[in-house]
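Got some structures for you, see below.
Next come two complexes built around chain A: one with chain B, the other with chain C.
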Partner chain A sequence: MISAKDIVSRAAPLLACLGLLVIWQVGSLALQNDSVPTALEALRAIPAIMGDKEALINILASLRRMAIGFSIAVLLSIPLGLLMGRNRFVAAFFNPLLMVIYPVPKAALMPIIMLWIGVGDLSKTLVIFLGVSLPVIYHSFEGAKAVQEKMLWSGAAMGLSAAERMVRIVLPAALPEILTGCRTGLVLALITMVTSEMIARQSGAGNILFNALDMGQYDTVFAMIIVIGAMGICFDALFELLRARLVKWSEPQFDMPLSFS
Partner chain B sequence: MTTRAISVDIALGLVPLALLVLLWQGLVSFGYAPPTLLPPPGLVFMRLINRLSTFTYQQEIAATLFRLFTGFLVAVLLGVGIGLAAAVSRPVNAIVRPMVRVLAPLPKVALYPALLLLLGFGHESKIMLVAADALFPILLSTYYGASTVEQKLIWSALAAGTSPRDVVFKVVLPAAAPSILTGCRIGLVISCIVVFLAEMITSTDGLGHVLVTAARTFQAVDMFVPLITISLLGLSLNGLLQILRTYLLRGFPEV
Partner chain C sequence: MNLLSSPSGARETTTPASGLAIPMIEIDHVSQIFQTSARKDHLALSDISMTVGDGAFVSILGPSGCGKSTLLYIVGGFVNPSQGIARMKGKPITGPGPDRGPVFQEFALFPWKSVLGNVMYGPRQQGVKPAEAEAQSRALIEMVGLKGFEDFYPKELSGGMKQRVALARTLAYHPEVLLMDEPFGALDAHTRTRLQNDLLNIWERDRKTVLFVTHSVEEAVFLSDKVVMMTRSPGRIRDIVDIDLPRPRRRTELLLDPRYQKYVVDIERLFDDTGEAEVL
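And then the complex of A and B:
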């Protein structure tokens, strides 16, 4: 039995999207600014982009780079983060290096990497990989650090080897935190993807966006913003579904505001 | 941890940094990378020190820092305010939750062209971008921290005669402080990244602009200098935040 309240809470993000578009529409009508099209005009420009074969290939190429960079980063970062969380020496070894690299915008490395390995797929995927790995390492590290010693001792007492303890105790216990890191990584992957393509104007979604800006095709600019934004929201929603399946047991119960009575 | 263990940790931590510089030097010395593409580290660090002492470069740093701080401050004020409000009030919660769900995963850099067209090429558009990107980690961690405050604490304060408004500022806010500060730390790193990117896209000053100018003229040495500068800035800002954290959270069981 689905109650009316349930339907409202499910549809809330959609309503928020609609609300934002309405605010945009009203705002642009009020501004009367030639360079800011109304929401409807921007939405109308989307089919033109999606129908263009070249643009579609461009966007798909972006997504492929993002998927490859993201997957490799996640696969390498989780083991490293977990090791850092459980072994003090590994943590001491890598922490300063990571702290030095963290505040450097990875997309800003693009001009240098381009000099070395060209403007092709490899350099962009590498930049995405770098952007995603840091938050994933950091969160896996924090997650693994917070695992209760008791559980590890019990595991050891029952004859699990160090590697088995890592896979069967530390990994599941740190999973909620790891997935938080992956979620940040996903957003960062999208950001790095757009900016790397903005810097190496060759192909991709970021290329379409910033070329349109330079050429003054403002409805294309805003239509691309909607497309990229929709990508972000869709990925996040898909990831949330996956996360809910994997770590349902640790779901925090703070949907309700605090009570003051 | 004893002082000896800490110094062992520091020594261990310096190893990869030293290895990195060694590898860098090795690549250049053994001729794997031509110096025009990868200048030797000594040259880069000399250049960095050289540039840091010039007034023009200091001005670039000041421009970047100004945007970074203003944006970050806006994000902290809005993030903590909205996060607290969403945790204590049902109607605000009903509006903020779906909005955040939609806006948080949005890549804000894609919004930058829109901000440019709306706010112009000056400070405003960059500050807005920094604020928009740093806002969500701070908002989410404030909300998380405030919602997980023990209900017992609030009831006790209310029973002791504190008004609900005072409870928010005297009980909920301090209890949520560790989580808020963690969010601020993430927001700060993101601010560093975003301010640099915004300056790379369009700017006439700032560290990002220095990098772009160097890239356009293929001055590899000058490309490394702003990157190292932003890394150092990020490190020192992080250190400052850590000091603030230990000060604010004195008396908390675990920092």
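And then the complex of A and C:
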């Protein structure tokens, strides 16, 4: 039996989107400005983009770079963060380095990276990698630092070696925190993906957006913003599903759900 | 009088042994110095020597901050003493091992494992086959009174239940010595009493050697064969008291027993004039 309250709370995100579109529609009609297309015009431009083979190849190329950059970043950052969290010397060595890199917008490094390794996939993937790495390292570090000493002692008493404790106690114990970092990293991957393509215009979803902007096709610009936003929501929702499965044992958290899941 | 005055040097808490007998645990002139945040040396334990015989239930009793937990961690091999040495069956303790099973006040269960998963962890690590480890673990879970909770996660259990799981998890890998660090300190009075009773019942089955840290005089007297009294900062042994009460012990009977009451009162009196004793 689904109560009325359930229906409202389930429909709330949809209603919010709908409300946003209505405000947009009314606002753009009132403004009467060429650079602000109506919501309906923007929505109508989406099928055209999604039906265009060239556009799809561009978007898929973007997603491939994002997937590679994200995966490599996660695979390298988690071990580094965990080591930093459990070893004072590793932390003392890497902390200052990361504190220097953290506040730098990764896209700002793009021109230098392009200068070194060109405008191709490699430099864009590298920027995504950098964007994802820092939050994942930071959260893995914090997660590993917070692991109860007595839990490690219990493992040591059972005969687990230092390396085994790292993989079989620190990693699972820190997993909720690690996944929080990965979730932030996933959104940052999407952001750096678009901005890297804004700077190195050659292919990709960002490229479609900024080409359209150059040519004054504002409905396409806004349609691409919607497409990118929708991708963000989908990734986040999928990741949240995976996260909830992996750490269903952890304490319930009362944070605002960011996704539709 | 069962109160032994404490001469310096090694103390024998087993029945007077022949020259051949090697004590289960021997703490030999152990001192522990910590560095405080102000970079000053703090003497936490000062020249502790004692032995624990095979099958003895020995409590270390003292006020908070007397270093009694540190002493237990040294026996566990989790902390290295600044001076002196701890031995198990004559062999120097250099690190943790499955022969000494800790049970902590904080439970320290693996939250990503179910009750069964937690209890099976040790046996699986020791190379016991999955089916066998599971059967043993299920029996242990039943023994600590948690039948039906095998698939629960730690977060779904109360404090008392968590400590039962922790005890089962430690018993599962058959340590020769149980190291219990204020195991019931975080529990409410009612749960604490029940767990004390259950611990004694479980202990009666195989009479493992137990080293039990507590700041409760009643708990120490109720459970132990010997109570090692410690003074505060720096931690020194104040006295060792033999608890000569019959076993198996029933709490309701014991509370009415004048001998039990006398032990409790005598120990509390000894603590009261600990300040004066320190001047000597």
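Observations on the structure shown:
One rule holds in what follows: the second predicted complex is superposed on the first by the 246 of 261 C-alpha atoms of A that agree within 3 Å, B and C clash if a C-alpha of one lies under 4 Å from a C-alpha of the other, contacts with A are read in each partner's own complex, and residues count from 1 in each chain.
Methods note: a residue touches a chain if its C-beta (ideal position, glycine included) is under 8 Å from a C-beta of that chain, and two chains touch if they have at least 3 such contacts.
These figures come from a predicted structure and were not determined experimentally.
Counting the residues of chain A touched by each of chain B and chain C gives the higher count for B.
In the overlay built on the shared chain, the residue A:213 is in contact with chain B alone; chain C does not reach it. In the superposition on chain A, contact of A:95 is made with chain B only, not with chain C. In the overlay built on the shared chain, the residue A:163 is in contact with neither chain B nor chain C.
In the superposition on chain A, contact of A:115 is made with chain B only, not with chain C.
Touch criterion not met for A:30: it reaches neither chain B nor chain C. The touching residues of chain A, when paired with chain B in their complex, are 12-13, 15-17, 19-20, 31, 33, 35-36, 88-89, 92-97, 99-109, 111-112, 115-116, 184, 186-187, 190-191, 194-195, 198-199, 206, 209-210, 213, 218, 221-222, 224-225, 228-229, 232-233, 235-236, 252, 254, 257-260.
Those residues of chain A whose C-beta lies close enough to touch chain C in the complex are 148, 150-151, 153-154, 156-160, 169, 172-173, 175, 247, 249-251. Interface of chain B with chain A (complex): residues 8-10, 12-17, 20, 33, 37-38, 86-90, 93-94, 97-99, 101-111, 113-114, 116-118, 137, 144, 146-149, 151, 154, 158, 164, 167, 172, 186, 189, 192-194, 196-197, 200-201, 208, 211-212, 214-215, 218, 220, 223-224, 227, 230-231, 233-235, 237-238. By the touch criterion given at the top, residues 73, 76-78, 95-98, 100-102, 104, 106, 108-113, 121-122, 125-126, 153-155, 169-170, 173, 175 of chain C touch chain A in their complex.
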